[in-house]
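Here come two complexes built around chain A, the first alongside chain B, the second alongside chain C.
Now for the complex of A and B:
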């Protein structure tokens, strides 16, 4: 079962809604929890045990940290001021030790399940290169769905308890629901305990407005996924699987198409996810904010997969930047390189770690690590040249300059996505070389492009849909909320729009014979 | 807003949606059973334009059925009319649909089910999507928006397709098969899913209600057939009291796996189909009470079609 399949939005979700509605408010969280486990089980079967283990362990760790904090506070009250610092230090050390152990356990499990094969293969390659007559056994494990997402939620929960940002939850059920809530388990968004746990547990009765808005958002997401992303799949698969046959123009075009597909697939699924949660009165954090209006790569990552970016910022970038060695490095840098480039030195080390983790989080392949470091390089270049660019006599607020920045950022993103989608890093490099050395627009102009699984009608419908989404994005960028705008119209206009959207999906959707729907891309990470 | 009002609005919304779906379905449904009109599975759907009450034997099943049985050969040798409503990866739901559609214009005496489809996986999701396509053809034919014409709004459905091969897939390709352990005996019994058993019961009931004899047929295939499947089908034929003919175990057919398959034993080619059809024709004429219509003027078109068929097989 996947979010954009009829079995989810026409059968599973309505059934959960029905049970939810006819259950008393006190027990509604149980309906959501049981549904979440059924959803998980339907995909990963007995690997549900991993999720259960994670849930039990973070519950226990949270309570352990909390009891230490209480113990510390009691002790601190009883002793003199001089001793307080020492006690706090002792308890801090204990807590840090527990947290570190728990994080190693969770991230270690993720690493073993996800990267054991990659690690083993690469070590063997290295041993071969060094002519060492030893080969490591290469293990590969079944990976439970959503482990990359719920592990990050688990780490954020434990860290937030450690930091005192939230109180440890006594209620195992609430924590279990926070970890497993079915709309988000496969592709995120990565939520913090303080964002969703309470509202999930409250079991709010259905609110007409929320249900209406939720369903509208689901329909909007399906439109993106089924009409655009699934349609582009045929062309993208064909080119990426056999790129040697095509010239640089076609490959560049396929990189643009893939970027479009990835955005429509991921943001469309997130629309379905957020819409589903909205039906139950749960507001999830947004994961996208018109990313293709970004003027730089750093801005792009504040608009694309936002919850992953903020997670890395809060749980890797800041802790590393504020760590003792890097603070010392910053002080050293300030002294020798000045107030701009000085802190940049330590910041860059933290940034490197973030982007290495970002790359490898996406999957166990060199192409993903390259993808992370590719973005790191552009952010670093941006940081290095920022003072220089500011000195240039350019009218930075001029629309032409802004347009140039947006197009430049989009091109960098598309090239990055080419490596991201390529079947291997070697393929990615070869494809990029083809764009540089063998670029021609002939195949795009002589009609060859229409012989690759998509005809003129398909391209026309993609263009129309992309334009519709582009205008909606402009409206959002300007603070206009389309759903609220529609809800102010009379019933004839509203219903006409609803039917138009539904029939657009039914008629123009790329489903049935001749189409292969794209698998949920981020669920694979 | 009050709950009653919300429910009422919901009902009206769904009702209008249903009407719109029917309207769209009418527009998108092909108006003829030809490829030009946008119909899918044209060779199997050719049955829709066969002259009323002319088909005596209907074959349903997956690609094994249309690769193995040539109705025109049976006609030539025994004067028995048959049609193969086989489609790739046919589910039993589709088989049921073909039979019930066929019964609108035909009164077959025998329905033959090629058994490979019985072992195919089926799911709740497939069931719902198949049902939705049955009720609202727009789900199956939505992609016709690319070729939609104004006439589709007004034209009535009228089937005129002319399928000389009567559902048979003619292929003269040869890709020899490796025959190892193909007929190795075993006590194992291959499972048939509950979904498929349910649909088999539905098919049997439909045949019973229409006074049709139902039989199971396993055509030769080194890739798709095995003894465990045979064992289950034997059990099934005894339980349900239906005829079962397993051609994999009939030595007289003499399938030569070096020459008679088009894809390494998965499906038969024309040479293989000739042998299987010859045996099936004899079996039908000896065991089922079917008339020879060769001299009957009502079936004159079959003789014309056979002349065309001869030209096709000589190519």
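Now for the complex of A and C:
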């Protein structure tokens, strides 16, 4: 079962809504929890045990940390100021030890399940290169769905309890629901306990406005996924699987198409996820904010997969760059290099770790590590040259300059996505070389492009839909919320729009003979 | 507050700190500036700012920064 399949939005979701509605408010969270486990079980079967183990363990660790904090607070009250610091230090050490162990356990399990095969294969290649007559056994494991997402949620929960930002939850059921809520388990968004746990547990009654907005959001997501992302799949698969046959122009075009597909698939699925949660009165954090209006790569990552970016910032970037050794480095740098370049070295070390983790989080392949470090390089270049660029006599607020920045960022993103989608890093490099050395627009102008699974009508539908999404994005960028705008219109206009969207999904959706729907891309991570 | 204003203007002079309420959410201060800011605040006000305090609610305006500084001084 996937979010954009009829079995989810026409059968599973309405059934859960029905049970939820006819259950008393006190027990509604149980309906959501049971539904979430059924959803998980339908995809990963007995691998549900991993999710259960994670949930039990973070519940226990949270309570353990909490009991230490209570013990510390009691002791601190009874002593003089001097001793307070010592007691706090001792307890922080204990807590840090527990947290570190728990994080190693959770991340270690993810690493073993996800990267054991990659690690073993690469060690064997290295041993071969060094002519050492030994081969490591290469293990591969079945991976439960959403492990990359719920592990990050588990780590954030335990860290937030350790930091005192939240109180440990005594209620195992509430924590279990926070970890497993079915709309988000496959592709995120990565939520914090403080964002969703309470509202999930409250079991709010259906509210007409929330259900209406939720259903609208689901329809909008389906439109992006079924009409655009699924339609582009056949062309992208053909070119990426057999790129040697095509010239650089076609490959560049396929990189643009893939970037478009990834955005429509991922943001479309997130629309379905957020819409599903909204139906139950749960507000999830947004994961996208018009990323293709970004003027730099660093801005792009504050608009694309936002919850992953903020997770890395809060749990890797700041803790690392504010650790004792890097604080000392920053102090030294500021003394000798000033306020801008001073913290750059410490910031860059932390940034490198963030982007390495970002790359490997996406999958166990060199192409993903390259993808992470590719973005790291552009952010670093931006940081290095920012003071110089600010000194240039350029009118930075001029629309032409902004347009140039947006196009430049989009090109960098498309090249990054080419490596991301390529079947291997070697293929990615070969495809990029073709763009540089064998670029021609011939295949795009002589009609060859229309013989690759998609005809003129398909491209026309894609172009119209992309334009619609583009205009909606411009409106959002200017602070206009389309659904609120539509809801203010009279009933005839409103329902004409609703029917038009449903009609478009049914008529222009890329399903049936001749189309291959794209698998949920981020669910694979 | 004057010391704080001086620090902020030293980091990024092109912002109206007295009225701006979204220094982080509006991307007026980037992550490198935040690292500098934290170091300066720790030196100037003799406090230690734990990572948990580096959230937009504490850094979005001069007032919220000042509140955080006073709170950390009292907690010490």
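Note that the second predicted complex is superposed on the first by the 525 of 525 C-alpha atoms of A that agree within 3 Å, B and C clash if a C-alpha of one lies under 4 Å from a C-alpha of the other, contacts with A are read in each partner's own complex, and residues count from 1 in each chain.
As a convention for this text, a residue touches a chain if its C-beta (ideal position, glycine included) is under 8 Å from a C-beta of that chain, and two chains touch if they have at least 3 such contacts.
Note that the coordinates shown come from a computational prediction; the quantities given were computed from them, not determined experimentally.
After superposition on chain A, the partners chain B and chain C are accommodated together without colliding.
Of the two partner chains placed by the overlay, neither chain B nor chain C lies in contact with A:332. Look at A:322: by the touch rule set out above, it reaches chain C but stays clear of chain B. Of the two partner chains placed around the shared chain by superposition, chain B is the only one that A:457 touches, whereas chain C remains out of contact.
Of the two partner chains placed by the overlay, neither chain B nor chain C lies in contact with A:404. In the superposed model, A:313 makes contact with chain C only, not with chain B.
Touch criterion not met for A:139: it reaches neither chain B nor chain C. The gap separating chain B from chain C at its narrowest, counted between C-alpha atoms of the superposed chains, is 36 angstrom.
Interface residues of chain A, counted against chain C in their complex, comprise 160, 163-165, 298-299, 302, 313-314, 317-319, 321-322, 327, 330-331, 334, 339-340, 342-344, 346-347, 383. Note for the complex: chain A touches chain B at residues 5-7, 10-11, 208, 455, 457, 495, 498-499, 502-503, 506-509, 511-514.
Every residue of chain C that touches chain A in the complex is listed here, in rising order: 10-11, 27, 30-32, 35-36, 38-40, 49-52, 54. Within the complex formed with chain A, the chain B residues making contact are 1, 6, 13, 16-17, 20-21, 24, 28, 40, 124-125, 128-129, 132, 138-140, 142-143, 145-146.
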